[in-house]
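In what follows, subunit A forms one complex with subunit B and a second complex with subunit C.
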Partner chain A sequence: MGKRKKHLNATILTIIMLGIGFQIAFSRSVILNVVVTFICLLYLLYCQVLLRKVLIMLLLAFPLAFGSWWSFIMFGTGDTWHSAWIYGSRVYAYLLLGSMLTLTVPVKEILISLSIHIKLSETFVYGLLASFNLLPRIRQQFKLIQYSAQMRGKSYRPWQPALYLRIIIVALHWSEDLAEAMSSQGFSEGFPRTRTFNDPLPRWQWGFAIIVIMLYFSAAFLVSPW
Partner chain B sequence: MQNMSQKPKRGWSLRDVIFLAIIGIFFGVIYQVWSYAYYLIAATPLKPYANDLTLGVWIMAGPLAGVLLQKAGATIIGELLAAAVEMLLFSSWGAANLISGFIQGLGNELGFACTGYKNWSKLGLLFSTIGATILTFVWDWFQSGYSEYHFGLLLTLLIIRFISIGFFAGVLVYWIKKLVLKTGINK
Partner chain C sequence: MRIKKWARIVGVVFQNSTDQFIKLEAQDEIALSQQNSLQPYYWTERRITAAINQLNLAEVLNHVSYQLSGGQQKKLQVLSMLIMSQPILLFDEPLAGLDAVSLKNVMQLIKKTVTDLKISSLLISHQRVGVTEFVDYELKLADKSLTIEGEVKEHNGQA
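Moving on, here comes the complex of A and B:
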């Protein structure tokens, strides 16, 4: 944790992300979208996220931003150019805002930080963490489900209920096993537990989050630049 | 399902959370397969069509959780969990995942609430798909700029959206539930 001491806390990032993300949906400003995008980009660079990772993310989102932009040129009413640029740049504003949290803090730290600072239920935190470890096995299982269908000359498509039945059966078994395993290892729901994880949240960061969100509000809805 | 166990109907047990998270991860894997198709259409001006056509698949997790666990809040929490999984494991969209997950879950949840959480079958699912269609459309009115499209396109989109949600989050979820009951895994 030490080397990330100068970074924003995961809880603060989550609050900023949701607080500004919600407002972006109602703001109609290209300039602000660009400003948000750039500030987040600078933060990513400050946190030394791999440049290649950021570039790939920006490139992958380009077709989506372009599709949005183009659809307003084609189907828009009123000032179509303005709309096109608003909704095209909005894709990037959302992407960068989200990546500010997801690319700079590991999943485990995000969840534990939320449980410490905003009292997100630990049943949810540890339940999610435990299931995330299953990701490789779930991918494997998904392939197995499809192979076993192919053995019987069938193949499952996402609109066939049988596929989901198989998924539900697996989820039922695994969730029971995992929950039992966790309680036998001493996880008891709703009881205090010893923390080995230190997640400092200096008080100024709360103030920072509030100021940033208020600043965005006044810029977007009182000033509302182009 | 879980509601048959001795756990109180309202509380959330570790097992419920893991159960829904695992289903959420499976959905993430399915979305990855589907996203290529979405991606191809979304890179063109037909993007709003791509959104509305595929929306049903994205919001299935909520009503599925509701129908399986049959308790108040299951739908919205199921959808939020799926959105959190999507955000933490599969994409970097963050806020967009969580907020739209919340809106979608809320729409579905309101539908079940209209029946007083008594009907988890055809009627509940019908209300839930209507609720989700309306709420997600209102959200896209602002978030995706639907307010700027001309009326003809909007009407088409609304119809496509209802068909997509109606099929995936309604009919398909109903079929799945029937299949689950038939196999007797809910004891």
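Moving on, here comes the complex of A and C:
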């Protein structure tokens, strides 16, 4: 727990991600994209995210970045080289910005943090938590559906609507189960809830988020480097 | 071995009936099993009709499988897998939600089919009453240990 105090709070990371991510869409600076990518990468290393995981992520994104870069070189107009590097580096800037949140904080903590600090609807939080918690069960169910079909001499292919019909039917059953489970645990929509989850958010982190977003704004739109 | 090959050797009657159904209507469900049965010469039209009548499913054949009652779903599920007739059949709680008469009919059908077709079958059930007389061996899972209760026919004197 002591180690975690050094990390940025999930809410702050989300605000930084949205605040800078939105500006990146309008910024036309390769240097800033590289700076954002580099700083996020440093943060990931500081948080001791597995290097192998980061490398795989970077490699997987390479075709996307290269595709953007190549399409501007081939079909762009005006300063094609500049545009190509902007859009190529932008892929990595977005990727690393997002991974700064998703690779360092578990989904549960992100959602609960957002519900505590920026009043994200608790129904929404519970719904999303349920979906994430159901992922292993969904995988298991998918295998079960495939096996049940193969036992009857049929095979489902990903493009067959029958497969999705069965998944929808299962999901409908689960949604009933989920609603029952939530109400049996005392969940009532819109009612105040007691909390057992402690998510400290020091004030300096709010200030840090504002400064970082303002700094990016000044650099991107006032200084506007190459 | 690939899962597809396993599926032709080991048939499973799932605990949750809706996991089993492929088609929407009960009659299509049975037709699919008939079409792909591994014992087509045994499962003639006449035998299937007799099984449907024995399980009292005739009146619900044109109903949507997912809308049948729990007991009807179980019976449809068991019949579909019996028609498929894999060499090994596993039944996971096939008697849940069945009344005494239906239970007897289902067990009779299972017993006759697995005996006629020499199918190896394993049935898991919380219920023993009305079941043990149809099985050859009984294993009991209690206190984290599985014990062989022995040949059931020795206990109740039935073949």
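One rule holds for everything that comes next: the second predicted complex is superposed on the first by the 198 of 226 C-alpha atoms of A that agree within 3 Å, B and C clash if a C-alpha of one lies under 4 Å from a C-alpha of the other, contacts with A are read in each partner's own complex, and residues count from 1 in each chain.
The rule is short, and it goes like this: contacts are C-beta pairs under 8 Å (C-beta built on N, C-alpha and C of every residue); 3 or more make two chains touch, one makes a residue touch a chain.
If you're wondering where the values come from, they're calculated on a predicted model, not measured in any experiment.
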Note = Per residue count on subunit A, the busier partner among subunit B and subunit C is B
Ask   = Now for A:Phe124: first (subunit B), second (subunit C), both, or neither, which partner does it touch?
value = first
Query = Does the superposition put A:Met151 against subunit B (first), subunit C (second), both, or neither?
reply = second
Ask   = Touching A:Phe22 in the superposition: subunit B (first), subunit C (second), both, neither?
value = first
Request  = Scan A:Phe132 for contacts with subunit B and subunit C and give back first, second, both or neither.
outcome  = first
Inquiry  = Is A:Glu189 touching anything from subunit B or subunit C once the two structures are fitted on A? First, second, both or neither.
reply    = first
Inquiry  = Output check: A:Ile169 vs subunit B and subunit C. Expected answer is one of first, second, both, neither. What do you get?
reply    = both
Query = Where on subunit A do the contacts with subunit B and the contacts with subunit C coincide?
reply = 162, 169-170
Note = Within the complex, subunit C is touched by subunit A residues 141, 144-155, 162, 166, 169-170, 173
Query = Given the complex with subunit A, which residues does subunit C contribute to the contact?
reply = 3-4, 7-8, 11-12, 14, 18-22, 32-33, 35-36, 66, 80-81, 84, 86
Message = Help me check something: in the complex, which residues belonging to subunit A touch subunit B?
response = 17-18, 20-22, 25-26, 57, 63-64, 66-68, 70-78, 80, 83, 86-87, 90, 94-95, 97-103, 107, 110-111, 121, 123-124, 126-128, 130-132, 134-135, 138-139, 142, 158-159, 161-162, 164-165, 167-172, 174-176, 178-179, 182-183, 187, 189
Request  = Show which residues of subunit B lie in contact with subunit A when the two form their complex.
outcome  = 1, 12-19, 21-26, 29-30, 33-34, 39, 41-48, 50, 57, 64, 68, 81, 84-85, 87-89, 91-99, 139, 142-145, 148-150, 153, 167-168, 172, 175-176, 178-180, 183, 185
